[in-house]
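Okay, so subunit A shows up in both of these, paired with subunit B first and subunit C after.
For the complex of A and B:
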């Protein structure tokens, strides 16, 4: 196993905390993200990530913890998107885009203000592209508590949400408050994006939200199995991503390690592509068996 | 504000904003905001890669923008939004990796993401103008088919219009435009300029021709105001581009509501 785990990886406390945080967040993102993919809300999920960026950067300017900034920013963005108009799909697209664009402008301002303060060098990269190894033990605890709360809320919302996601009209006819369910789900998604931003950076958090569930949906048939598969794929991507990032320090003479977020995102994309290929092969084999 | 070192910024800024207004009009009409958001991030990875390898930024910008637009255009059939989202984050992550491998320092990263008007070199004016004219020409050729396809896709298909080919052509134009815009207003804010002013223009007028003109005008005004404000305040141009694009849209919303109440 020496070729896989470079010396000292597990004795490093920052790596251990980072891996723990990453696994917890990967599970929550996968569970919440499954519905994002089913409801075709990837763009909204990504826009929340960009608004979370503004929140995280703002927190940096005013001296709050980035986690609080990510979550609060993302929740504010979700409310703004709901407020501007979601009546028609086309309009939703534009409303999402406008909120996203405005928020990115704010990020530009905040990040610039941070760089004026030279003691915070490297904060642009750590906010946008993540800094998993700098998560403290106390925020690990907060992240775990918030993650459990999100999972419980998702379980409470579960059946109506699933119904409303699969066929909104039928759900409405059966008396499900589709609008309220959608609002509740958007808020959950906002908190999840904030958590994920801590692990792989705010602009990349969509990867954990969308990627593992999209791969799992190609392969899984039943809901339980799909959820479990999505969580496993998310955890796998984060775990191996951290290891690859740690190892990459030794890969070339310049000793410039690849960012964790890059490794995680690459693994997520590989998972999705593989799942697509496997699903296509299965479908062909199924067609041949029937013929 | 109009001193000699700002001339390049004004010229390139005007060309780029007019082009963004024109492409943005079609982006809003066709509902392809997400792709329009993803492609500039591909360009970002290209610029970062060019810095790592040591070739001219424009080459990297164009290569990566075109590659990501082809990827997105080709994979739009099955759960297109997931493919777009993943292409987007993959490109951003790649850009981040390139930047950390080349050991880029903070201001360089910020300039790529949030724009740097003072970085416009005199040598880049000619390529920018040439490529922008090509894009404008392509949009003029595709104007009617794009409108037709957006208004009545089925009828357009019956009339022999190939929607996939059209989509590809449009995505390529979008990519070339993004490659020009990214160095000026930044990868994350190119999108603001492509969606805010055009969406506002569509609210203000219904007729496609005048909406196109209004979109280009609003986009140019947004960028001019942003360059001027950035020059005066010494704050990043991206901040002004992002917030004023959103502001233009909000004002248009208020205007239409007010007109609706009077009518």
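For the complex of A and C:
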């Protein structure tokens, strides 16, 4: 396995923690993200990642924990989107756009303030593109506990959320509080995006939220299997992304490693493209079999 | 006078949406086991009326009474006009139908064999027995219509509301669905209220028509409602009702003058 794992990769505590926390976030992002894609809320998911940036940057300016900044920022953005109104797709996009615009302005201000302080020079890079290898053990624990809580809440919300996602009118008629379910789900998505933003960066956290679920939806037939596949694809992208980033240090004479976020996102894109190709081949074979 | 129990009683209802009056002083009821057709042109307010009955739209005046609390006890099935199912939705038909029974329950309790038996029973009832394992997003329009009916029937409702289930179906498929609904009514002992813009497909099965035009409603047996004088009053101008080869043609906006002509309905046999 030396061709895959360069010597010393697993003896490095930062790599071990990074892989662990990355996989936890990959699983929760995939499970939550499957509903994001099914509910056509990818834009909202991406916007929340950008809103989380404002929170993360704000935390940097005011000296709070980055994790708290990302999650609180994302939750505040989700609450604002819901308050403006998300009943129809068009309204939802407008609400998302308004919140995104405001948050981007705040991010610009906070990041500018951070750059004024030269001792924080690396913070901007870390906020935008993540800091997987600098996650502390205590943050790992917090991220794991919150992720488990999000998964449990998602399971509790499961059937009404699924019902409201595929047929909102029928769900309302059956007594599902569709608006409340949507609010609950958006808050879960916000927490997930906040966690993901800390790990692989707010700019790229959308990739974990949308990519593996989108690939799994092209291939899955049953909900449970599709959720499992999405989680496996997310874990695979993070795991192999970290290994590729570590190994890349030895790929060139200059000994400069590729950014881990770049490696993770590249693998996510490869997964989505491959899933689309496989789904098309299956569809063509099915059509030929019926003909 | 005794008869089948009233399931829903709509009393003096006005509905306004965004400041515009959609329905005025609507009165009708639906009784147990009845097949009622809610007939009106596109935009007449049929969907609004159904949504108001379900509590999804609040009336400006009047009330909807469910004497046996069918709505509160979730014994009303609803097939909406539009169900946008993405082709990638990872649900088999039987999973989707089961959601009609337990989709309102929080938590992930495992479904019992009894639930799956009931799912198969309603799929059989709508003649979709072989669709259970198919992916829901991959169904044709006619297949999806049957599955939506099964989805609404799985909770054993007293009343099934269907919003334009015949829209976009060819004449053969329309006849199949209407015949199927008549059989479902017998088999499931369920009352049916179905909205449509063409009355003819329903003539052979309807016990009662609820005709909606010009924000007003006329309700009763088909022969008593679909008449020149009743519909002229409803539309507020002259309307002809033409019967030919067992079909009904309602001619609005004709050239005749005067509010309500006094000649009897035109009957062509």
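The working rule: the second predicted complex is superposed on the first by the 289 of 291 C-alpha atoms of A that agree within 3 Å, B and C clash if a C-alpha of one lies under 4 Å from a C-alpha of the other, contacts with A are read in each partner's own complex, and residues count from 1 in each chain.
In this text, a residue touches a chain if its C-beta (ideal position, glycine included) is under 8 Å from a C-beta of that chain, and two chains touch if they have at least 3 such contacts.
It should be emphasised that the depicted structure is a prediction, and the values quoted were computed from it without experimental measurement.
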* Clash or fit: what happens to subunit B and subunit C when subunit A is overlaid? -> fit
* Decide which partner touches more residues of subunit A, taking subunit B and subunit C as the two options. => B
* **First, second, both or neither for A:272, with subunit B first and subunit C second** => first
* Have a look at where A:170 lands relative to subunit B and subunit C in the superposition and call it first, second, both or neither. => second
* Asked: Who does A:221 touch here: subunit B (first), subunit C (second), both, or neither?
  -> second
* Touched partner set for A:125, first subunit B, second subunit C, both or neither -> first
* Once the structures are superposed on A, label A:210 by its partner contacts, choosing first (subunit B), second (subunit C), both or neither. => first
* Asked: Once the shared chain is lined up, is A:157 touching subunit B (first), subunit C (second), both, or neither of them?
  -> second
* Examine A:94 and indicate which partner it touches, taking first as subunit B and second as subunit C; both and neither are also allowed. => first
* Please work out whether A:147 is in contact with subunit B alone, subunit C alone, both, or neither, and reply first, second, both or neither. => neither
* Is A:186 touching the first partner subunit B, the second partner subunit C, both, or neither of them? -> neither
* **Lowest C-alpha to C-alpha distance for subunit C against subunit B (Å)** => 9
* In their complex, what parts of subunit A are in touch with subunit B? -> 37, 40, 42-43, 45-46, 50, 84, 89-90, 93-94, 96-109, 111-112, 115, 121-122, 124-125, 128-129, 201, 203-204, 206-207, 210-211, 214, 254, 256-259, 261-262, 265-266, 268-269, 272
* Show which residues of subunit A lie in contact with subunit C when the two form their complex. => 38, 155-160, 162-163, 166-167, 169-176, 216-218, 220-223, 225-226
* Of subunit B, residues touching subunit A in the complex -> 28, 31, 33-34, 36-37, 79, 81-82, 84-86, 88-90, 92-94, 96-97, 99-101, 103, 106-107, 109-110, 113-115, 186, 188-189, 191-192, 195-196, 199, 235-236, 238-247, 249-250, 253
* Asked: Considering the complex alone, what residue numbers of subunit C touch subunit A?
  -> 51, 54, 56, 74, 76, 78-80, 82-83, 85-86, 88-92, 95-96, 99-100, 102-108, 135-136, 148, 151-152, 155, 161
